[in-house]
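Only one structure is covered here, and it is reproduced in the block below.
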């Protein structure tokens, strides 16, 4: 299943993310987006992985635009990457483009060999 | 689908909200209203959005009257507005008319392109 | 639907509540009773309201007797009263007869015009 | 709430429906589409109604195109129409454009005054 | 609890039911209304009973009007009547006013002494 | 655990069942009673068994009275009896006292050694 | 239903509890046992009560043996005792035989007269 | 993982099954046993398989004894066998020892590589 | 998103399917495999589609091998194909390699624009 | 059932665990793996036990490799061991190979004699 060989295109992915100005930058309010149709490829087995990606954040000056987030996540479809790395990479890219006050990215991945895995990574301090 | 073009009628909306006197102003007790049939329009695509709006507050001197809250939320039916803005606007309008000790407005919006979104905005300090 | 006109019978209601001695007055333990078949009448529309009433408390010298609590709650069946008031009245009556260390009364009311409401009122300080 | 007055635009609605050729016209296979975000207006109260519309059919020479079905159903958004009529009208329009072997349209409508309603209407004979 | 003594007002109840003309009398389509907030009184114990009433029918020339059905069912609120009788009475009244091709009334009643009961009664022959 | 030794008291049990006249003997309508708190004793191990007993029937001239059915089922509490036998005995007793047109008794028993069991026994012919 | 008269056999019950040595006495780890088939008798009505008993604890030198806990709980089967007392008695007995660092006993009891009750009692300080 | 190599011990397994006389051989009543903790080994990968086994039958002269059925199913724990074969073998063994009027064995197996499988095999004719 | 352009590789896909001999060819027993992680691409929008594919059949001389079925379904990952066609193609390929007595393929596809779709296609006559 | 006698092979088990380098050692992010198909043997009764094992940790320099964790947990399949011990042993082994900042192992075991048990053991301090 050659088509599943890892493709290194991170920089390309971050370019897919668009933002819009936060209308309420001085207010702390929580935004969450849940993508229930995330899929990537296991770099060890070449088998597809499936998962639910949850992004929560307190916006700073910028909010991530929904449609661009969808395309960004779709860009992992044929990339070989470990659960632990995909979550931390998504966090790094979203922090880079939105500069949030606080952000958490969570992945809830499909069962493999009877094992179900989740990875949760956080940036910044949760506002009081 | 012209009928979906954004309509600017905020001031009109706040006029729809009615209140009644809080019989227990010196007691801190929590009131929540959940509207499971909220709908507005996406200003980018002109497509209808659907969501569940949850309003929770500790009343001060005034409580919001249920029927008027229903009409207030219905007034967003054909307005083009982003998720982030609709929640903060509802919070601003309800705070203006009820002067609560604490209030939180939460929106739980329908899936768009496989992405499910929520927005939560809060006013004031949660009473001890 | 005349039979639904408000009836003022509070004093009568509190007389319906019976108590028994708490066998473990020096121990802090939590008792909860949930009545899933509460019904009263909306004073504005004369329409019946339905809800779930939850009573939680740390008993002092007295516990409320279950059967009497049932009759007490049934006495609201044909009374016209707002959600906010019914919860605070039940709290006042139960505090008066049981003198609890801490008590919370919660009402979870049926949908009206697409709006679902809850009211939660508390007495005393939660024991450490 | 004037904007909710009934609008007579049936012919306009049927024009919104597009079809594509059924690749397997000689095979009896069941297609269902469920629209969970249907909304129209009650002609009696001017209040919005919400529901889930389910379309099931055995295609003849034509299948209904998904996106056009979405726009067709959205066209009821501000029309005043009874539950019983909306279902039979949708059935009539879809039968007219797809000429199915068998079709069923079901509506599952939101609670009104504590009453939940469904309407199911069928065209043609279910294939053996 | 005197107010719970049986009240004989059947004829009065049937007067509460209103109908409207069936726009599609020559088509067999199924209409169902589910009332999740039905309550009456047990004639043996004077205790309130609660239940879910489900009415399904193939309309003839008349459909039952929703609001009037709500008021009709509310009229049982303080009447003492057995589960078996309330279902058959509702069926008789609705058949009398709508003359349906087929009708079924089902009651799903709340637990009493650890026993949960349902009663289902039917009129006419289910259309082919 | 001597108190769990089988007690032979069938005749006594059937005496606990009371009936009342069926108001609609000429109509075929279905009555079901579900007892979610049934318990008896395993004659092999002396261990308590738990289950849900469901009784469904088309009444003839008599209906079984709810409270008496509760006491009848409670009488199995300390009797040692196999799943297969308890269901058929309940069916025999209820058929003897109500002479139904059709009756089914179903038992849904708690897990034993990782095995969950159900037994369903029927009397008479289901009415058309 | 004489057989349900209260039986005073506490001391007897505590004798049913067996323990085994905790292999990890210096580590704080949480053990919970949930008995979903608890039944006793209401001392007021002689009616059987049903509930779910949950025991959670941080073991000291001893752990309670599962089978003996089962027999201990079964010993309440025919005893007349109030919800509030059964939970505190079980806590007292288990604390006496296991000397835990912390223990909580919770009872979740079946609906009576439309009222569902829970009782939660705790011993010791929750370890950091 | 040598310990998982297939072991051929069918005859041994059938010896584990015990029966008892059916008290109601002339009555058609349905008995079902569901084993939610079945496990065997995949003969291809040596990996453990897990599943839920459901046995339903109309008994003839014999019923299968529950405890022996448990031991019989446990005997597959370390045997390498395909889903399709394990179900048909269990059916053959149970039919041989109980001579039922009708029997169905169903297996609901755990997900493997994102694929969930069930196998259902039947003996005899379902009684009218 | 070029990588999503339709690829025509049917013949290649059918080559991925492997079979093994049915040990019980003379017995009618039902086999089902459910793939909860199916994904393909919408030929109209280039957007990924997700769904659950369910295959049920009565085997003839051959059964489909699970692992090969997994690889076969994965081969649709980057192919542009309509819901209606993917189900009928899978049915055609599986019928060609297994020659079943009866087979049904069902697809349950993810929501698109608020519309959820299923397609069910069948081959042969269901055995008595 | 001799094959179930306890086998002392701990050291052997820890050898089955493999690790890989944590790409983000300076970031605190939570990894969880849930094994829903854990089975071991009760040392007292020789009966199989079943459970769900949940491992959560903040990785230090090493992460545990998924496939090796699967084989490690499978190695308990035929070992006789108490619930309390299996959880603490798994924690000890995983801490030894991954040196986490914080780790929690939780076991949720199948019902035995109507009793459901869980054991939760923790290592290290939860990061701020």
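Just so it is clear, A, B, C, D, E, F, G, H, I and J label the chains in written order, and each chain counts residues from 1 on its own.
Definition applied: contacts are C-beta pairs under 8 Å (C-beta built on N, C-alpha and C of every residue); 3 or more make two chains touch, one makes a residue touch a chain.
Since the structure is predicted, the reported quantities are computational estimates derived from the model, not experimental observations.
**Q** Determine the set of chains touching chain C that also touch chain F.
**A** Where chain C and chain F share a partner, that partner set is E, G.
**Q** Can you spot which of A-H, C-E or D-E is a repeat of the A-I interface, where more than half the contact pairs line up?
**A** C-E
**Q** Could you state the distance in Å from the CA-based centre of chain D to that of chain H?
**A** Spacing between the chain centres: roughly 47 Å.
**Q** I'd like to verify one number: the distance from the centre of chain A to the centre of chain D, where each centre is the average of its C-alpha atoms, in whole angstrom.
**A** Centre-to-centre distance between chain A and chain D: 37 Å.
**Q** On a C-alpha centroid basis, what's the spacing between chain E and chain F, in Å?
**A** That pair's centroid distance is 29 Å.
**Q** For chain F, write out the residues touching at least two other chains, lowest number first.
**A** As it turns out, chain F has residues touching two or more other chains at 37, 47, 50, 110-111, 113-114.
**Q** Show which residues of chain F lie in contact with chain H when the two form their complex.
**A** 44, 83-85, 87-88, 111-122
**Q** Help me check something: in the complex, which residues belonging to chain D touch chain I?
**A** Residue positions touching the partner: 22-24, 27-37, 59, 63, 66-67, 69-70.
**Q** Going by the contact rule at the top, pick out the chain I residues touching chain B in the complex.
**A** 47, 50, 110-111, 113-114
**Q** Give every residue of chain G touching chain F within the complex, in rising order.
**A** Counting only chain G, the residues touching chain F are 1, 3, 37, 39, 47-48, 50, 71, 74, 77-78, 110.
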